[in-house]
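Two complexes come next, and they have one chain in common, chain A, joined by chain B in the first and chain C in the second.
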Partner chain A sequence: MAGRSDAGSAIGDRIDAITAYFRSRPRLRTLVVAGPPYAVLVLFFAIPLLVMLVVSFQTSEIGGPWTLSNYTNFLTSETYLTVVWQTLVISLQVTAIIAVVGYALAYSIVRFSRRTTLLLLLVILPFWTSYIIRMYAWINILQSDGVLDSTLNLFGLPAVGLLYSQPAVLIGFTYVWLPLAILPFYASLTNLDPDLIEASKDLGAGPIRTFTSVTLPMTKNGVITGLILTFIPTFGSFITPRLLGGTNNIMIGMVIENQFKSAFNWPFGAAIGMVISVVVVALLILATRFGGGLFGQRSQGGAEA
Partner chain B sequence: MRKFSLDSGVSRRRFLQGAAGTGLAATAGCLGGGGGGGDDRVPMDVTEWPPEDISSSLNMWNWYDDWAEWAIDAFGDEYDVEVSNSGFSSPDQWYSQLEAGNEDIDNIAATTNWVERSIENDFLHEIPVDVMPAWDNITDRIKEASSYRQDGSVYAVPEALVLYPLTYNDEYFDSAPDSWGVLWDDEHEGELCMWDNATVSCQIAALYTGQDPIQPDDFDEIEEVLIQQKPLLRTYWGDYQQGMSLFVNEDVVAGPLTMGRTYTARFSEGAPVHYTAPQEGAMYTSDLFVIPRGAPNPIASLQFTNWASQTENAAQLFETMGYQPAVDISDELSEEDAEFTNWPDDWNLVFSETLSDEVRSRYDEIWTAVQAA
Partner chain C sequence: MSALSSLSAAVERTVHTHAARMATAVIALVIAFLWIPIAVLVFMSFAAGGVLSFPPEQLTLEWYRVFLTNDAAIDAIVTTITISVPATIITVTLSTMIAYAIDRYVFPGRDWLQMLATLPIIVPLVVTGVAMVLFFNGTLGLPEYVSVVVAHVIRTIPFATLVILPTFLTFDRRLEEASKDLGADELRTFWQVTLPNIFPGIVAGGLLAFTLSFNEFVYTYFVKGSGDPTLPVYIWNQIRYNVTPEVNVISVVFLVVAVTMVLVAVSLTRVDLLTRQ
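Our next item is the complex of A and B:
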């Protein structure tokens, strides 16, 4: 027993010594605490982004002469701008669907469910399976005579054969990104004081008025955060439209992928990537101005209430 | 009792030295150990066959997954070598490793165009084919079709011929379609597919319009016919498995698919499919074994390349994957397999030469415009 006590005391002394060492050196302490995350950001985000920026100003041969042509070719091409527009439309459609479905689901979990943990577990369950496998599962469900068509036939309804269509792409995206949106929706709704809803009703407001005047404004941060987390990955996606979409579901992520994998025009792909990054960051800043909580600023809404 | 103190007992310099040493040791531990002892020789050091003292490991990247799985045991048992394989879906996966400085890969099954790029960038070891007994097994047809030489030196050994045929449902069609025009025939509307691949699809359109698919003279016509075709298609498939499933599920009756996937669909999945080369021609390319510079076990890789080119081992490539190996295996096949793999002499086959930057870029622009139309 005495031996153990001595050993415990020795460890405690060492911890005290290390603590004192760092306490007396505030700069070193800051470096140790903040250094690793900053290093990760610089190594895996800033430097690759910088490399991409440099490459985007080169001719089709990396290391060749400098040029602006990659940007001018992209920004003056009706074809590529059409693809960006189509991508924007699909991304907004997906975001709108997820906003409605995700909010309703999160609201019902918070307000009406007892097994909250189990339901949240079910929500994030799809993340345990590979993205590609989930898409193949949807191929099996949506294909002609697949699970969906068989089920419809069972009830005497005609088959719909949704695979290789825009609805299939929307379903695939909604399924994949819904958990990302539900979690912030859920967090903001959990922090919403139920007494405020009761107060609204006591003051004579109906369900719709209460929702638009109390519930939604008070959970605005969580909603916008969820929508950002949905919109951004959808905008850059290329696997879902390739596997589930038909002949009219090209997205800008597919164009970028082609530049790197088949056209071998990395500088052009990098230029498209930079433009899209700027657009997405601009949208991100715009969204946070409306109250999204990604940058951690305070407002009067839900999670910070 | 001496207390541990960073203030007194351990100086900052010693602390940092220790940390650096530990870091270096950890880094070495992470980066090293790729090759069971490794080998300082290069393939051209082998002047007599068989090579002596091959190392006990081999790390290959071969996208013929089923064949590679068989080869791991067969080669491993025969030569007492521990073989591992990293399958890949796109050549850029291994090419980027070579660009970054290879320290891990010993042997790659590389498509001709990527072999050319690798040779140009000095990523590959020269191979002493004159001392390799199995080199004589490679057919003249594929030797002539592949690009693996530079300045008289050989940098690759052909593994397989890869045909991009027209695959069709042989219950739906009474006989093999004789023209790519079947993919523009509105009689089959909604039951056709194309490959979501700029080069393949534009080259099919070039053949259909009577142009040279390597150096076409009317890109506008290619774009025009591909846009005309869109309403007739079920989809553009972007993944080999997806392409095969379209035929297996009988969602489509005609479209481009590789010979290997057609073989799998027919013999493994029982789908009523066959393939043909339409009269306008069909593209084909080759896959080749290469030994990248930096390979930790280059001599074992050379031994493997020779072993894989032996007739009975090459025949397994067809048996497991349905691709035509670079070796004449006709004596090894059943009548049914021989009938399937036989390419009639009157087929007009066009070797898929590496495209110029201009043509590749135009094909990519056309394909984007077609999909966005």
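Our next item is the complex of A and C:
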């Protein structure tokens, strides 16, 4: 008994000594808390991206001779450039759809609904199910004689057989990104002071005028964030075009997948990865210029000085 | 000109009168768009004819029986869980440390830490997936299991941090002051005052991290070699090469996991925390 309590107090002293040690060394304390996650993110996220940059300039394996051929092969191939163009077009179309539908939904929920929490939950929940499963659901719906066609038949309408077409890809993307894109729209709309809208109306502006000159400009940052959250993952996607797009809707992500899963040309795949990254970085810089706050806790973070 | 302005006035009036009704219609349509595919999956899992027939002539539990006796599918679920559970524990620990550091300390590189913890959401999955396969499998030669767990940790950190950080920000700091005034040091204050208060947020972050990891496909698909497939990889192979009606049942499994986890997570925090920027 006595021995154990001695041992206990010895351990207690030890702990006291350790905490005293850290208390007198705030830098070390910060290092112990922030260091491990920092190390993990740098080692397993940042460094891999740098390795990709390095590999993209090599011929076959790491340590081999340097070359620009991966980039020149990509940028001089009409096939690949067409794929990039097609990817860009699809991504912009999806972003436009999300902007209209997502904003309309967020606006309707914030301004006209009392059951906000329930509705928000209904919107977000599908996001948390498997991406592939959600695409599979749309295969069932869109394929010829699928749910959509059967339903149209019931009303005596002709079948459309949308699967493996561009509309199918657009529907699929809208379906997966809508729940995510809506969150920043919603957040910026809830932060908007309703008095401003009242003021605008009191001054004689109709609802449309109020929307275009007060609501939309005031929620611009949320809109930009939502659109970035739509455009970037669409631009890099391969699952949706693979499952819903058929052979006429090749996107750049599919070309990368192909390099790693069947062609086994890793440096070429890395170079395409870099091309996508450049587009993404350019977009982020543009978005930051226009005020979309993607790393936004800074204003709210409030660490004590 | 006056015709135009009177027209615009008419439009403004119409919008004003019907705004509430239009809003209800928008909400109803979008919710239907989001939930009909899910309803279709659930419904199809009971369809006797299998995948290609709609509407089904007969309802059956046959595919559930097939699923439960299919060792490949059950193995895939077990494989997924043996990856998701350790990944979730690591993620929650790291995300709590990130949130604590960002909320409490001022240090050089604080903004960078926050950016690094957000970036995996923004960088396209396929890009990070490629980078990971090059570094983990190519440079480091990590064992497949380790690569996949690490990939899942990177995938889930941003979301867990996004959920845990607000609980730190809204936590009443005076409780900690009181604890320290009473003589407790920082570590003891953390264990006895801070942690119990932010625990719901941490559990919520963990549940969402688990859900995300359970669904994770892109990183896993790239990083993973020829070993046992996770459930999403298994279902990808099924859909691409031989669709069986069993896929509908697996969809329902995914759905049940997601709905349960998210509802518990939401009940522990508040939905609007998820929308904080």
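Simple rule for what comes next: the second predicted complex is superposed on the first by the 266 of 305 C-alpha atoms of A that agree within 3 Å, B and C clash if a C-alpha of one lies under 4 Å from a C-alpha of the other, contacts with A are read in each partner's own complex, and residues count from 1 in each chain.
Just so it is clear, a residue touches a chain if its C-beta (ideal position, glycine included) is under 8 Å from a C-beta of that chain, and two chains touch if they have at least 3 such contacts.
Source: prediction; values computed, not measured.
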{"item": "Superposition on chain A - do chain B and chain C clash or fit", "value": "clash"}
{"item": "Partner chain in contact with A:139 - chain B first, chain C second, else both or neither", "value": "both"}
{"item": "First (chain B), second (chain C), both or neither touched by A:245", "value": "first"}
{"item": "Broader residue contact with chain A after superposition on the shared chain, chain B or chain C", "value": "C"}
{"item": "First (chain B), second (chain C), both or neither touched by A:278", "value": "neither"}
{"item": "Which superposed partner A:264 touches (first chain B, second chain C, both, neither)", "value": "first"}
{"item": "Touched partner set for A:82, first chain B, second chain C, both or neither", "value": "first"}
{"item": "Which of chain B and chain C A:199 touches, first, second, both or neither", "value": "neither"}
{"item": "First, second, both or neither for A:21, with chain B first and chain C second", "value": "first"}
{"item": "Partner chain(s) touched by A:113 [first = chain B, second = chain C, both, neither]", "value": "second"}
{"item": "Contacts of A:68 with chain B and chain C, given as first, second, both or neither", "value": "neither"}
{"item": "Clash with chain B, by chain C stretch, listed 93-101, 237-245 or 255-263", "value": "237-245"}
{"item": "Contact residues common to both interfaces of chain A (with chain B and with chain C)", "value": "20, 136, 139, 143, 145, 242-243, 260"}
{"item": "Of chain A, residues touching chain B in the complex", "value": "10, 13-14, 17-18, 20-21, 60, 79-80, 82-83, 86, 136, 139, 143-145, 164, 242-243, 245-248, 250, 254-255, 258-265"}
{"item": "For the chain B and chain A complex, residues of the former touching the latter", "value": "1, 3-7, 90, 92, 196-199, 230, 233-236, 238-239, 241-242, 245, 249, 251, 357, 360-361, 363-365, 367-369, 371-372"}
{"item": "Contact set on chain C toward chain A in their complex", "value": "8-9, 11-13, 15-16, 19-20, 22-24, 26-27, 30-31, 33-38, 40-41, 44, 51-52, 54-55, 94-95, 97-98, 100-107, 109-111, 113-128, 130-136, 138-139, 150-151, 153-154, 157, 165, 169, 185-188, 208, 211-212, 215, 217-218, 222, 232, 235-236, 239-240, 247, 250-251, 254-255, 258-259, 261-262, 266, 270-272, 274-277"}
{"item": "Chain C partner contacts - residues on chain A that touch it in the complex", "value": "15-16, 19-20, 22-23, 26-27, 29-30, 33-34, 36-38, 40-42, 44-49, 51-52, 55, 61-62, 101, 104-105, 107-109, 111-113, 117, 119-126, 128-141, 143, 145-147, 150, 175, 178-179, 183-184, 186-188, 190, 206-209, 222, 225, 228-229, 232-233, 235-239, 242-243, 253, 256-257, 260, 266, 269-270, 273, 276-277, 280, 284, 293-298, 300-305"}
